[in-house]
Every structure is written in structure tokens, then in C-alpha cells.
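Next up, some structures in C-alpha cells.
In the two assemblies presented below, subunit A is common to both, partnered first by subunit B and then by subunit C.
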Partner chain A sequence: MNDLSASSRITYGAVPVQPAVVRRIRGLSDKALAWLFITPTMVLLLAINIFPLVWTIYLSFTNYRANRANAPVKWLGIDWYQTILTDPDIWAAMQVTAHFVFWTVVIETVLGFGLAFLIDKKFRGHGVWTTIILLPMMLSPAVVGNFWTFLYQPQIGLFNYVVAFLTGRPASSFQMLGDVTLSPWAIVIVDAWMWTPYVMLICLAGLRSIPDYIYEAAEVDRASKWRQFWSITLPMALPFIMLAVLFRGIENFKMFDMVNLLTGGGPGSTTEVASITLKRAAFESWRTGYSSAFAIILFVTVFGLANIYVKALNRVKSR
Partner chain B sequence: MKNSMKALFAAGGALAAAVGIGAMTTPAHAQGKTITLCWAAWDPANALVELSKDFTAKSGIGMKFEFVPWTNYADRFLNELNSRGSLCDLIIGDSQWIGGAAENGQYVKLNDFFKKEGISMDDYMPATVVGYSQWPKNTPNYWALPAMGDAVGWTYRKDWFARPDVQKDFKAKYGRDLAVPQTLDELRDIAKFFQGREIDGKKVYGASIYTERGSEGITMGVSNYLYDYGFKYQDPNKPYAMDGFVNSSGAVKGLEAYKELYKCCTPPGASNSYMSEGLDAFKSGQVALQMNFFAFFPGLYKDPNVGGDKIGFFSNPAATTQATQLGGQGISVVSYSKNQGEALQYIKWFSGADVQKKWWALGGYSCAKSVLNDPSFPDSAPFAKEFLKSMSMVVDFWAEPSYAQLLQAEQKRVHDYVVADKGTAQEALDGLVKDWKAIFKEEGKKF
Partner chain C sequence: MSIANTAHSVVEPLPGTRRLAGSLVVLYAVITMIPLVWIVLTSFKSPDDAISYPPKVVFTPSLEGFCNLFTTRSRQTPEFIRTLGPPQGLCDEIARGRNMVVAGPSNYVPRFVNSLIIAFGSTVLAVALGTLSAYGFSRFRVPLKDDLLFFILSTRMMPPIAVAIPIYLMYRAIGLSDTRLGMILLYTSVNVSLAVWLLKGFIDEIPREYEEAAMIDGYTRFQAFVKVVLPQATTGIAATAIFCLIFAWNEYAFAVLLTSGNAQTAPPFIPIIIGEGGQDWPAVAAGTTLFLVPIVVFTVLLRKHLLRGITFGAVRK
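And then the complex of A and B:
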């Protein structure tokens, strides 16, 4: 930019920039220009992310209720935090969330990596298969929740019929969404069905980033396929796998829409993940202070765990 | 270029205006004003659209309607009210909202307006005035005009009941004729009898009842059993004293009876059923009995497959006493509305005797005595007599400002016990008392 003469006429794309404008921009230092460019983003971030976060932290120490805006706001200190952390129902919801996050991440990682490994082999029609496999993740969670509700319907649902066909058990003899034992697995199955392709995509990127010459060198050294997998493929794809685990872990920790549509947290509270409890407190009971405290606890939990995990990821990447 | 752009904008504007005032609007006439009425998306709402055309014709005020499915109704409109939105000029809000809406200044108090316009609450059924209009309850403070009377009732397959083979089998098994149940025990027997039975080569089931977890479903269902067995929300002589009333031995029996019905006699997969699931089960010929609100009965009676001679209606049977869950709503003016004058005009028009009569004829449930006490009313529809009976024995859930929290607690406790088999009925109701006490304590109530 400094090489441009004042009289030159610069064109960015199809829009001509007038010499006067150029003169004005030239009058700014690099630092000032940098500030000029990042200020809108900073303002947006402050308005949309930072301010609400600070405000939420403040509200979490008060008895504020959004539906009673005229009522006096009382400072409660850490009362809500104590209440939440000693509430057995909250711990039950956290256990349900942990079960959901753990099993979905395990299943999606194993299946996703397996699918990526197969797709990477570039067999005939692999492009078509890739597209088909990716279809579930392109659907809206609301759509997925609704049609899996039908698939799980004991009388007409395809899922029950497939299980009946494979096991010989009558289709209407079990209900995936209404049974205390089966319903936590029902939501795990749906999430795995929907998001395994996403993990596959990330793993596929990892597998494709491994240079061929490493395998060629291994072939020269007469390393078996098994040895190549354990010594080359898995270690080199590991940072990608860990990244997929991080993304899915964070996403599923805050899972709401699909579980809400499938079970509404039931039967009883069997599938009531933390975000459903939070939504009920915030937008049905309108306990804004309480739910702000709960949201902060969840945020700190995810943020803390993610930070520890990212450090581990960086260690793996630097090996 | 400029001209063509202008033309384009003009055309776009015209199109947007045409689309904006679409199917859910009645044309505004002379005054050119339009008001928005918010309610749930269901059959009676369609009847109200039809009825409101008369208001537009008479007043020149156009009507726009915002109807939201029941599953999102409370979320959507309570959000709107709490954020002081002016989307709705008039709202037909659920009966339980009245306490919160009155105390938080979301509804316009109607006492002065009623007095000025000569609208008397004595002209409406007492239960609907208390349930839909008053806050605090049983005081002359009115926040709504009773608009849509409703209660939980039952439908049954009259054609199945009438079959000689079915009659014969039932008599052989229970030693009595198969007839409309008078008690909840009889209802359970009938549901058991039909559960798994083959009718016309198709396997059918006993009853569809409310079991929904997410919003209010299982509470609206189980209440019909709890009330019948003596459950009371509080000591009638000591407000908010709940021990021995909510968790009385009678209430425990009622909860156990509801669970028994759920376990023995509902279709597979009915663990999260509410109004629409019940309608689906009944309309598809799956069940012999269906628990649902009277508001749906006109539509069911007209159904080509299960309506007409095939369907019968009855009010909630008795146990140690007889009561039923109140449904229905009043119509209120939203205090954030910029069209309060027009909204009040609508309420005045809606309260007219002729309008109330037409409202019932179109499929809405009038609360006006002029309609309900008319000698011809019980015979005016096959479900009218049962509706009248039900409205004389209705009980409503808490209408406190904290009703949503109270409701959530009951949803959880009851669903945990009935559907998820957690604990005993006594534990569930003791837990409920504990939850409700904590909520009232947080509200600063003394008990």
C-alpha cells in the first residue's frame, strides 16, 4: 500500500477507490489501520459475548426473575451456587449428561474413524458412499428428533421391527423412549447416527494428510499392514481424532434440542440432561438468578475440561 | 433505471403487504385498524376466526391471529408477555397464568371496563369466573372475560360397546353389562377388557391417557384421579398448608390407580402422550377409551372414521368423590398493547348473548349462563350434557405466579413414579409437598 502513488487509481474487485480515499488511508499508521479493522469485531464480541457473560455472572448472585422485572433485586451472594452444587437432582442431571457425552463420543469416534479408514481406501463409488454417509449430519436436529420418534414407535416404528426381525422378540414388546433402561441408549443411538459422519470427515482429513512416502518407506522395510496402522496411521491421525473428540464432547455437553424432542427428559428424569434442567429453570420457571448460576457452573466445567484437553492435544501434536 | 427500481419496490411492497395480511386475517374496513389475538392452534381457534368476521364487519376493526401449537403455546406467549412484547393485543391465556399475569402487570384489569359496559360476571358460570378471570381467587378482581370453557372428559367407542359378542364376553368376565363407567374402577375394568383384544382383525388397546413429561400433560391427567380420591392442594382453612392434603392416603390411592391404568391398559409406547397423541390413538381405532379435553369433542364427533354413531362421551367417573381437571381460558387485554381500546371493543362484542350463542354453535365452548342454562343446551350436542356436568365439578391447578415451578415439580414427581417406576406413590407425593413448600418459601409465603 505504501508503494502506491497518490494519483494512482486502485481497484479492489470491481469497485474503484478514489485517490482522496487512498490519501486518507495513507495518513493512518499500520497500528491505527489494524485497530480500524478489528474495532467492529471487538465491539460485536463485547456486545454479544462478553457483556452477556459479565451480566450473567452478576445475575447469578441475585434473586432476579426475568418475568418480574419490577420486583426488587436482592443480592444473594453464593447462595445459588451452594443450592445447585448440593442439589441431588442437579447431580442426577449431570450424571445423565456424563453418560450421554461419554458413550456418544466413544461410539462416534470408533465408528467415525472406522468409516474414514474405509472411505480413504478410494474404492469404486467411494464418492457416492461418502455423500450418503454424510447425509444425517446435514439434517436439522429437530427433523432428526421427530423422525426418530416415529422410528422408535413400538407399533409402527422401523427400529423395533428391525430389532424384532433380528432377535425374534415382538416389536411392540419394548419401547425405546418409554423404558428407563433403554431410553438413555435411544438418545445415544440417534446422536451417533447423526454425528458419526462429522467425526468421519475430520478423521478423513487426518488420514489424507499422512504423506504416501511414509507408507512406501514402511513397505520397503517390510512392515506389516497391522504395524503400519499402529505405527504410522494412528499416531499421525491422533491429533485429528482428538480434535473430533473435543468438538463432539463440547457439543454434546450442551445437547438440548434432540433430547427434548425425543424424550423431553423422560421417562421421569431418566434422560434429563443438564441443558434441559437449565432451560426449565430459565424459561419455564423464570428463575433467572438461579439459572444464571447453573449456566456459569456448566460453562466453567466445559471450559475447564476443554482447557485440560487442549493442553493434552498440544502435547500430542508436538510429539 | 430509477423508474424501473421504483416500480420494482412498489410491486414488492404490494406483494409483501398482500402476503403479510394473509390467511389468518380478516379484512379491516372503515377504521383501518387491525388487532392481533393470540391463542393456541386447535379446532376452537378456527371457530374463533370464523366468529370474529362478524366483529370486523360490525366494527371495521380487522383481526389478525397468532396461533401456536399447544406444545409451544406456554413457552411462546409467556416469553412474549415477560419480554413486554406488543405482538398480542388480546390473549386467550391459560387459566394458570392469571396470577402471574395479574401480579406482573401483564394483563389489563377489567373491573372498571366491565362496570362501564354493564358486563356482569354473574352472567357466567361460577367455576369459569374463578378459574379464568379472578385473581386473587374468589375475590372480585377480574383480569379476563371467561372465553372458552373446558374440562377433561372421556370418549369411548360406542360401536364396540354395542357389539353382542363384546357384550357377552364382558358380562361373562365381570358379571355386569358393558356400559359407560360410573366409577374409576369400572373404567379400569373396561380398559383391561379391551387391552390386546382383537376387533375386526385388529389388535386394540384399553385407554389413551395423559403421560406427557415436557409441559403439563401427566399433571393434567393424574389430577382427575387424585381429585376423585380426595387430593386437595391445601388445607381449606389454612392456605399453603399441604401436609395431609396433597399426600393424604386418598391421594396416594389415586396416584396408584393412575399408575395401574397406565401399566395395564395403554397402547405400547404411550409414555409421553398428551392431547394430540390421544386424538391419534382414538382416531386410528387403537383404543376403546380416550381421556381428553372437551374442546376436541366437536371435531371427534365429526370424524368420518370414529365419529357420529361410533363415539360416545362421558365425564370423569367417580371414586370416593367426583371431580375433574379444569381446562379452558379467559380472554385478556395485554397491557403492553398499543390498541387497548380496540381490544376492549372486541371483548365487549364477544360478551354479547348472540355472539356467545354463535360461539357455541361454531364449536367453541361458551361460559355464558345464557347459553349453558338454556333448556335446549343439553341436547344441542352429544357431549353438551357431559360438559355441563363436568363444569359443575371442576378443580384447577395452582394459579399462583409461581405456577410453572409448581407444575414442573409435579410433572417430575408423578412421571418418575408412574412411568419410570421410581419409588412409591407415598414417596412421590411426600416429595411433591417438599418441593412445593420450597417454592412457596422462596416466594415468601407463610404457612
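And then the complex of A and C:
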């Protein structure tokens, strides 16, 4: 590269260039090249994302069952959509999902922003500690879910032991994963453990994007630290916080792997988030048409909510 | 003059604040590391130590977990074991201590190899496709560019289970069920959206003047792309590749629904390592530890680019 730019500088004026011809040939090849470069990706996405999506939409109007592939397929119209939207079990699953998404996002945002705020004080060794804190979010959610089931074991688990040690209650007196009231919180704890660093990292970028001179000006105006935090730090970091909330919200709305391994939706259906309901319908009771309709409803929900949210985010950004 | 001085020093946190912030962060880091350290410790425990109460922090290290991870064993009578020759290696010796003999290798190594093949295969494909498209989107006037880019991103909003339903049917129809090729294509399609978005950011940062200078020297556009842009984008391509690798390595939902034996990767396999009488926790912990080591290495390598990767290039620092 260095050789090339050096040589190009030397020969820059020496090469005879015929602008019109060159532009025409390049113009042509550029356009061809653009399509040549972009088409393979588009073909792959069409084959593996769009075609299946269209197929799902079609299936959602039929009574097709994947385990009875040869049975005659009947057109049902919007029956499944009506069934799903009036099904109390589906609404229960949506409530479980809402509880999970709401609390994980709140806890991760508060903890993540707090951590970012502290790390931004640039104490000695903050780089190393930041990298250590980031580790959980890089791990496989399935493997994480699985080893947390070990930590949550009522007799032998480390989590129960620590809680017992701190509160004095016997470690076998509560089951994080087997108890109807505790299990929704058990999955929130693991998700918060895993994803707080994610929010922290984005918030940290937000805090570092605030130029020093604004704080200097505030100091000159004798604004208190408290006032500086509410009038400078928080508003200026807000677009970043909102971005983190968006990504966590979408991801946790789709949550499957970690919860599937921690509780599998149980006990009963107290931790049955939407993706687990979907998996049960699609791959256990093989109601393909029904689950396709539910999948489309979920997709439209995520897509719609994300779009509304992005509009709000852009408004905050442009302020 | 003096105002400028104080103003500058005031923006810097006081030493006391700094120390307090530092100790709180260290406290969080230590607490958050406990589960991970615990898993690594458990992988070196004997089964009895692993399930003792209160949990043991000090214990005699044992390789039984790793042995159980890599082998299958069968229970035999002591009389039968006495008739056998000397134990074949350490694992056989440990197994015989429990009245068992090593019957053969477990499925962990094939699953791990599947993980490697599928992760690397899909990463190479996704990065290759992603680099080309990113360059196309970065440098050329493409009709409906923003719509296409948003479309690429929106493929990530589908819940994986929702994608898995038609993929399952499609793969069954064309014979890609439970094949490595099928999984590679699927992971490529998921990763390519990340690759395009990240790499477009990296390529946008390379000044166009470099290629233009090369083209004035007589390079074609394609040559300029290969000889000028690609070398400049190496760091970005490497960072993107690691992100793709991590995703494919960690993926579970597709793997558990679409593979059963042949192409199964490690994440769906590790949780079902069962010993006699329930889960064999030291073996599970050993499998987890080995599985996590590459990720820890990659995280340290990637730390400068993490932010970009996890936000699809939306935040660049």
C-alpha cells in the first residue's frame, strides 16, 4: 500500500488521462461491479430469509402440520390469527415476556449506566477491569443458562449457598428454578449478569463522547456536580442509553436459548416467554400453521415497536 | 490564565472519587467473575467434591471431569476388571477406581469439530460476501441503498424460532437437514447482515482518494479494491470475522432445532452430558470450560472493537 501511494504520487501528473473515455468505461464497470458485489449477499438473504418468511406467511393461513407432510392442506384464512389473539395462554406468555423484558432492561440500564459512570472516572487499571467485566456477554447464552442451573441447585448450588450465608435461611429452603414466584426472577438475574456489560459499554461510549469543555463551562458558571449530571451528562448520554435499550429490548423479546436451558419455560408456564411457546407449538405439538401465525405476529410486533422506538431515538438525537 | 487552569483540573475527578469509583468497579468485576471461576473450579473437582455442601473452595484437583467428558464408560464387576490387563492411560485408571472401564470416546470431540467447521465455514463466507457488499454500498450509487441496508438489518429482528420453522421444512425438502453445509449457510445468512453493516463502517473510513490515485495509475476498479482497499481494511475485516465466529460458536437455537447428530455443535451437546444418576457436573463444567476458552481469548483480542461490533457499527467511538 505504501509503495503504491508513493508511486502514484510520483506518476500522478505524468500519466496521460483521457477524461471522457475513462469516465465512460469506469462508469459502466462501476455499475456492473456494484451489482456483482451486492448480488451474492442479496441472493443468500432472499433464499434463507425472505423465501422462508413468505412461506411462513403462507403456512400461517393453512392447517399444515410438519409431522404430517402428506396430509391435504386446507386454507384457513385468518383463523389462526383470531385464535392466537384471543388465546389466554398466548397472552400469559406475552405477559411473561413483558415482565422479563421490562425488568432486565431496567436493571441492566441502571447497573450498566452506573458502571459506565464509575469507569469513566478513569481510575488506575480501568482498562483491565473493563475487559474482565465484559466477559459474560461474549459467552454462549445456552452454556451460560446451563451452568447457572448448576449454581441454582437447591442443595449444592453456589447461589443458594451464598444467599443462605447472607440471610441465614437454609440453602435448601428455596428453589430458584422450581418456585413459581422465584423462577421469573431467576431468569432476570442471569440475563442481567450476562448483559449489564453490554449496556455499560454503550453508555461508556456515550459518556466519553461528551467534550470536556462543556463541563469546564459549567464549572465556570458554578453549576453543582449534581446539576451537571442532570443537565449535561444524562441528556448527552441519552441517545446512547436509548440505543442500548433498543438492542436489549429486541434481543430479550426474542429470548430463547438461555431461558430454555434454565427453566424450559417451567415450572408450569411461569417462565414461558414467547419464543418458548413458539418452540413448543412448532416443534413439540407440530402445529405448523398455528405457530407460523404466531411467528408472524411476533415479528410484526418487534418490527413495529422497533420502528416507533427508532423514530423517538432519532428525535432525541437531533435535539 | 488561572481560570483556565482551575477549570481544567476541576473536570478531572478528585483522587478520592477515583479510588471510590475504582473499588466499586473492582467489586462488581469480582462478583461477576465468581460464576465463571466456579465453573472452571468445578471442572477440576471429583464428582463428590462438586456436589458437596457447603461448596468446596479448597479441594484435591482431579481430571475425572475431563476424562468423563471425552470418554464413555461401562460399569463392570470387580472380578471382570481384575481379569483385564493394566489400565490404558489415566482415564481408564480413574474409571477402574469406580468399577468402570472406558468403553470408547464420547461425542464431545465430534461436536467440537462440528462447531469449528461450521463457525469457520460460515465466518469465511459471511465475511467474503459482507466485504464485497460493504464495498458496493460504500462506494457506488446503488438504487434504494438505504432500503436495502435496512432490509439486511431487519433480517436480524426475526425470532430465531420463527426462522427455524420454514428453514426446517425447506432443509427437509432439499436434503440439508442436519448437515454442516445447511448450518453453514444458515449462520452465514445471519452473520452477513452484521458483516455488511460493520464492514461498511470500516470501508467508509478509508479515504476514496487512495483508490482514485491507484486508478489514475492504471488500476481497474477491481484491482484498486483488491490491492488498495482490502489491505487498508484488514483490521476491520479481522474484527468482523471474530464477531461472526463468536456468534456462530455460541449459537444454540438453530443448532438444537435443526441438528440432531451428524451436524450437532457443542452448545446443544454440553447440557445433555449425563452421568450415572443425573447430570455429571464436573464433565459438564469441563466441557463448558474448554468451550469458553476461545471466547475469552477473542474477547481480549477484540476489546478495542467490541463496541462497534455489538451495535452493528452504530456507535464507532
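Brief remarks follow.
Methods note: the second predicted complex is superposed on the first by the 287 of 319 C-alpha atoms of A that agree within 3 Å, B and C clash if a C-alpha of one lies under 4 Å from a C-alpha of the other, contacts with A are read in each partner's own complex, and residues count from 1 in each chain.
Quick note on the criterion: contacts are C-beta pairs under 8 Å (C-beta built on N, C-alpha and C of every residue); 3 or more make two chains touch, one makes a residue touch a chain.
Since we're looking at a predicted model, the values are computed, not measured.
Residue contacts after overlaying the shared chain place A:286 against subunit B, while subunit C stays out of touching range. In the superposed model, A:221 lies in contact with neither subunit B nor subunit C. Judged by the touch definition given at the top, the superposed model places A:212 against subunit C, while subunit B stays out of reach.
Considering which of subunit B and subunit C touches more of subunit A, the answer is C. In the superposed pair of complexes, A:268 makes contact with subunit B only, with no contact to subunit C.
Look at A:155: by the touch rule set out above, it reaches both subunit B and subunit C. When the two complexes are overlaid on their common chain A, residue A:177 makes contact with subunit B while staying clear of subunit C.
In the superposition on chain A, contact is made by A:66 with both subunit B and subunit C.
Contacts of subunit A with subunit B, set against its contacts with subunit C after fitting on chain A, overlap at residues 66, 69, 155, 157, 260, 283.
Residues of subunit C that touch subunit A in their complex: 3, 6-8, 10-11, 13, 17-19, 21-22, 24-26, 28-29, 32-36, 38-39, 42, 50-55, 129-130, 132-133, 135-137, 139-142, 148, 151-152, 154-155, 157-170, 172, 185-186, 188-189, 192-193, 196, 210, 213-218, 220-222, 227-228, 231-232, 246, 249-253, 256-257, 267-268, 270-271, 279, 281, 284-285, 288, 291-292, 295-296, 298-300, 303, 306-307, 310-311, 314-315, 317. Across the complex, subunit B is touched by residues 66-70, 89, 152-155, 157, 172-173, 175, 177-180, 260, 263-270, 280, 283-287 of subunit A. Across the complex, subunit C is touched by residues 1, 4-5, 7-9, 11-12, 15, 17, 26, 29-31, 33-38, 40-42, 44-45, 47-49, 51-53, 55-56, 59, 66, 69, 115, 118-119, 121-126, 129-143, 145-148, 150-151, 155-158, 161, 171, 193, 196-198, 201-202, 204-205, 208, 212, 215-216, 219-220, 240, 243, 247, 250, 253-254, 256-257, 260-261, 274-275, 278-279, 282-283, 288, 291-292, 295-296, 298-299, 302-303, 306 of subunit A. Residue ranges of subunit B in contact with subunit A, taken from their complex: 74-75, 78-79, 81-84, 100, 103-105, 212-214, 267-272, 286, 401-402, 404-405, 408, 412, 415-417, 419-422.
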